[in-house]
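You will see chain A twice below: alongside chain B first, and alongside chain C after that.
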Partner chain A sequence: MTKYAYYPGCSLETGAKEYDTSVRGVFGKLDLGLTEIPDWSCCGSSQAHKVDRGMATAIAGRNLVLASDIGDIVAPCASCSLTLKEAIIELEHEGPERAVLKDAGYEYLPGSVNVVSAVEAVYRALRDGQFEGKIKNPLEGLKIASYYGCLLVRPPEVAKFDDPENPTSMDKIMEAAGATPVNWSHKAECCGNAYIMVDKNMTLSLVTKIINAADRGGADIIVTACPLCQANVEARHSLLQQKFGLKRSIPVVYFTQLLGAALGVDKGKLAMDESVYKLIEKARQAEKVVG
Partner chain B sequence: MARTGVFICHCGANIAGKVDVAKVAEEAVNLPGVVYTGHQKYSCSEAGQKVIVDAIKENKLDRVVIGSCSPKMHENTFRKTVQQAGLNAYMLEIANLREQVSWVTGDKEEATAKAFDLIKAAVGKVTFAKPLTPGQVPVTKRALVIGGGIAGIQASLDIAGMGYEVVMVEREPSIGGRMAQLDKTFPTLDCSACILSPRMVDIAQHPKIKLYTYSEVETVNGYVGNFNVTIRKKARFVDEKLCTGCLECIGKCPLKKKLKNKFENFRAPRGAIYVPFAQAVPKVPVIEKETCQYLNSPDPDTIEVKEGEKKPKRKCGACAKACAQGAINYDMQDELINETFGAIVIATGFNLFDHSKYGEYGGGQLPDVITGLDFERMVNSSGPTEGKIVRPSNGEKPKRIVFIQCVGSRDEAKGVPYCSRICCMYTAKHTILVREKVPDAEVYVFYMDIRAAGKGYEEFVLRAQREYGANYIRGRVSRIYEEDGHMTIKAADTLAGMPIEMAADMVVLATGSIAREDSVEFANTIGITTDTYGFISETHPKLKPVEVPREGVFACGAALSPRDIPDTVATAGAVAAKVGVLFSNDILMSDPMVAEIDPMKCVACGACVAVCPYSAITMEEFRGKKFAKVNEAMCQGCGTCSAACRPGAAQLKGVTDEQILKSIEAVLQW
Partner chain C sequence: MAVSGQLKSIDMDLKKEIEERSGQKLSMCYLCGKCTAGCPVAPYQDIPPHVVMRLAQLGSRALLQSKMIWNCVSCGTCYTRCPNGVDPAKVCEAAAHISKRTGQIASKPASVLREGFVESIKQNGRIHELNLGVKMVMSTGDYLGNLDIGIPMFLKGKMPVSAHKIKDLDKFQKLFKYNLKKGDK
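And now, the complex of A and B:
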């Protein structure tokens, strides 16, 4: 059994609780061990590196040191996994960051720990045949636009996973869950979340383009692996329809929620809106009629 | 007792800047056998060489050690120097104090100590040096040219023009290469076929040139002046002597619309029997073994049937029925041809980057995103659209065409950091061709920098912009996707400092040059090396740009690195000149540093025969005793046999076990 050190990160404790519970549910069903890193702290993502790069590395590095006895870290949030991966690169060589950590009692040993996103961990499991016989409720006929956003696979020299311009790992996971991944144009476009406070109109027009692209691709549902993307792309659909030219509202869920449904994870853990289950059932029925 | 002289070269400050040359020279006096030491600013200069010659004569030196640059650089120079002083050229040992010491050692003291160690090793080794005499080998004055593009064509015509025989080998059914696929050429807008076709015909008609198309080089043995080459002439199934080139057969092939023609960049159909293009040389079709229905149906002679039952007939055979000459021969087999050559010219050309690696540009899935080569064929009047510029998705005239530069060039993320050198120019040419053929179409070019270094090149780009109204935008395109029947282009305009979005009906990617997909394997066949990207490595980028490290082998054109037609033709001419220099010799001196097997020590185990990469060792028998013997003409002096020989019978002259052990002893114990 693969054992991972679990790094939920701040988002999964607050706005993205359903990502946390669905990750736990999915990993359980796939026999992937998850041990939460004791006393983990914020990875510093999106703020720390703008203030002080060294500090940002040290903040993330503390979590790396704490996890090193447990196993490879799974950080479901795209921003967290990227920040932690970046810290590994920064800490590869002896330097002031390592000294700061050591002084604080956290000695970092290069090579002692690895970081993967939840998509990476699940994709590894799929590749190693751990899905076999576990898809209880295949998502037949359900058309899915896998939305990777900008941080999950980029920059490639940090993320070191999947094709940075045309990623396919999440599509393959959804296919294994019985769904039909759609070919669409905006799978790795930025949703503009970081600019929602600065230039709301720009962000909302980016979001609209993403959902319209999924619509062109014929998707029933958009899946994502990033709490920022999920929150940003799912919200304000009526406003987008009125003012930004959104053609059709499409639900946005975490890939672990849909995969969880296919694996038979408790509905409570998945915390998915009843309307999504209806979509799944509708697609299944339509598939039967066609079949 | 040896009388060794040691000369330490400063190489200006190259060595003396890091190595205390005076100290090394001073200490070397005490080494066994050394009777003279000195140091000088430039040993390779005329004055420097004179000092060496005089010192040898005055001190009656019988062997020499020179501490200088790499022997690759000046070994030959110094061999001649010692020869001038009356010594055998091989009583010389070079210690590489530049590349192996001063250039790579940071600390002065460490560098000096290491330099002294290398001098000790060289002094030790030279103690057991023996005079060697080069053998003589005759030169076969025939050249093999591999590749029938413009590089190979030019090299062949120039070599043949000097009166030497040439054999050209081309793996495709026709010569012509990449240049034959192009429509116009920059910066003159000459029609490519118009300037190339006459030369293709010259190749076919030249009395000194023998042409093997649909053929590949399989093995290369031997050495400069005497290469033994095996050429596989693939079965064409059409007799070249009988075929008149009427092409009646082609129209009869039931697959004539089913297969894709590589010459048209797979954008036009062909049959199993085909000529790649109208001006093909030779204008003799080939039948593709893998797809021909006749060749792929079971041979009735090999099928057993029950009595009374009819044997099934072969499928098809339509081309044979159509041929009035009886030139179709389904029984034709591949032919292996062995020939001897004095020189080999590599002119194997290049490939274009596969844009399916650009997920951001649709990964090769968007029909209206095409490559520069697709565009060349499209705009050519004998191409798939007969010269009409149309959107591949619906055949309509595009109203706006976007060109993107540097696709598979200058892109580290895609593994191609180098500039392909031709794309800026061919894109400028494309914009002109668009504006000439579809004057109301808008043309945009996204570029990083315009690299137009060539005669008339910058002017050509300016003409595209000013006279033809091509709109150049500096910035990279980040994404292309299909939306409502057009392509949406997302890009940055780095001069305006703005992100931009633009709709386009068609996108042309300026895909860069890469090495042939099998270039590494090919280089192994020839016994040469490639660079990181698979291009053929030259001996010296500046001073030996068309030589490769295997003597007697030359390379030209884009097989070496991306280059345009003028540079390709120039290097092809250079290769011809080098071959001419080689062929001006009737006899070549062979390197005497080859293996030698002592028959008294040889136990005839055969280990050396098995390991020799050049098949230069055979087993002989003399008065009942078996022993291994080296063919000195074939031996390349690699030393593999010497390493494999347990009794120590096999020795590489000039690098004997005795010499190596003495150098080790010198470093460790002196």
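And now, the complex of A and C:
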């Protein structure tokens, strides 16, 4: 059994609770162990490095040190996983950041830890045959737009995962869950991340382009793997329809919520709106008629 | 930002500082514009990324008054597509640092976001969204515009009133050392 050191990150404790509970549910069904890193701290996300790069490396590095005797870290949030991966690259060389960590009581040992996102961990499990016989409720007929956003796959030298322009890992996961991934243009476009708080009109315009692209692709639903993508793309659809030219409102869930439904994870853990289960059922019935 | 007259404000020290701080060799950029073609935020800013690169190459102080250097969202598209391995986002980041020092911040909300974020994690060890959200509302003056999201989140228990403090906060706070890198001021 693969054992991961679990780094939930701040969002999964608050705004993205359903990502946390669905990740735990899915990993349980796939026999992937999760041990939460004790007393983990914020990774610094997309903001700390803009204040000071060295400081950002040190604060992210604390989590690497705390995880090093548990195992490889799985960080479901795209921003957390990228930030922690970047800190590893910085800390592999002897430098002032390592000294700051050591002075505070956190000794970083090179090569002691790796980081993967939840998509990577699940994709590895799929590749290793761990899905076999586990898809209890296949998502037949459900057309899915896999939305990767930026930081799961970019910059490629840091993310070291999938293709930075046309990623396909989440599509393959969804396909294995019985769903039909759609081809669409905006799978790795930016949603505007935390700049929703800086320039709302800009971010809402970006979000509208993304959902309209999923509509053109014929998607029933969008899946994400990032709390900020999810929050930005899911919200304000009526405002987007009135003022930004949104064609059709499409539901947005975490990939672990839909995968969890296919694996038979408890509804309580998935915390998914009842309307999504109806959508799954409707797609399944339509598929039967066609099939 | 007034782009006209930019050539009057050439400063080779500025160019050198941007190079050191960003770790980017500015002369590697031949202004092909691929960064601008893919930049999701460029249409909403004053200057696009390849103009940021050109002003940086020239050492033009006009760059420091640009909104773009603050509003780059670090999505990584420009760097991923650059044929010469240059990272315009890092150039924006370095220029924003310098513009803060010289008091020319062209996007106050972006500055409050990054500073407020770091302040919040330093206080608690984890981010406290409600506290940061209030700071952002104050800085943008958009007092009601985010309540449509904020209130439902609050009601669902997704925006706790009190912050989660980590246990080893004292040790964690020792990590906040600045300007560790060569070339940082």
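One rule holds in what follows: the second predicted complex is superposed on the first by the 291 of 291 C-alpha atoms of A that agree within 3 Å, B and C clash if a C-alpha of one lies under 4 Å from a C-alpha of the other, contacts with A are read in each partner's own complex, and residues count from 1 in each chain.
Here, a contact is a pair of C-beta atoms (placed from the backbone, for glycine too) under 8 Å apart; a residue touches a chain by one contact, two chains touch by 3 or more.
Note that the structure is a prediction, hence the values are computed from the model and not measured.
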Query - Joint occupancy of chain A by chain B and chain C, clash or fit - result: clash
Requested in this report: Mind working out whether A:Pro164 is in touch with chain B, chain C, both or neither, as first, second, both or neither?
Outcome: both
Query raised in the report: Does the superposition put A:Ala286 against chain B (first), chain C (second), both, or neither?
Result: neither
Query raised in the report: Can A:Pro156 be said to touch chain B (first), chain C (second), both, or neither?
Result: both
Query raised in the report: Just chain B (first), just chain C (second), both, or neither: which does A:His49 touch?
Result: second
Query raised in the report: Is it chain B or chain C that touches the larger share of residues in chain A?
Result: C
Report task. In the overlay, answer first, second, both or neither for which of chain B and chain C A:Glu189 touches. Result -> both
Report task. Kindly classify A:Arg216 by the partners it touches after superposition: chain B alone (first), chain C alone (second), both, or neither? Result -> first
Query raised in the report: Looking at chain A, which of its residues have contacts with both chain B and chain C?
Result: 156, 164-165, 189
Query - In the complex, chain A residues that touch chain B - result: 156, 163-167, 183, 185-186, 188-189, 213, 216
Query raised in the report: chain C touches which residues of chain A in the complex?
Result: 10, 13-15, 17, 39-42, 44-55, 58-59, 61-62, 95-97, 100-101, 103-106, 150-151, 154-156, 164-165, 189-190, 192-195, 197-202, 205-206, 231, 235-236, 239
Query raised in the report: chain A touches which residues of chain C in the complex?
Result: 40-41, 44, 71, 73-77, 79-80, 87, 93, 96, 107, 109-110, 113-115, 117-118, 121, 125-127, 129, 132-133, 136, 140, 142, 145-146, 148-149, 153, 157-160, 164, 166-168, 171-172, 174-181, 184
Query raised in the report: For chain B, which residues count as touching chain A in their complex?
Result: 358-360, 363, 365, 413, 479, 481-483, 488
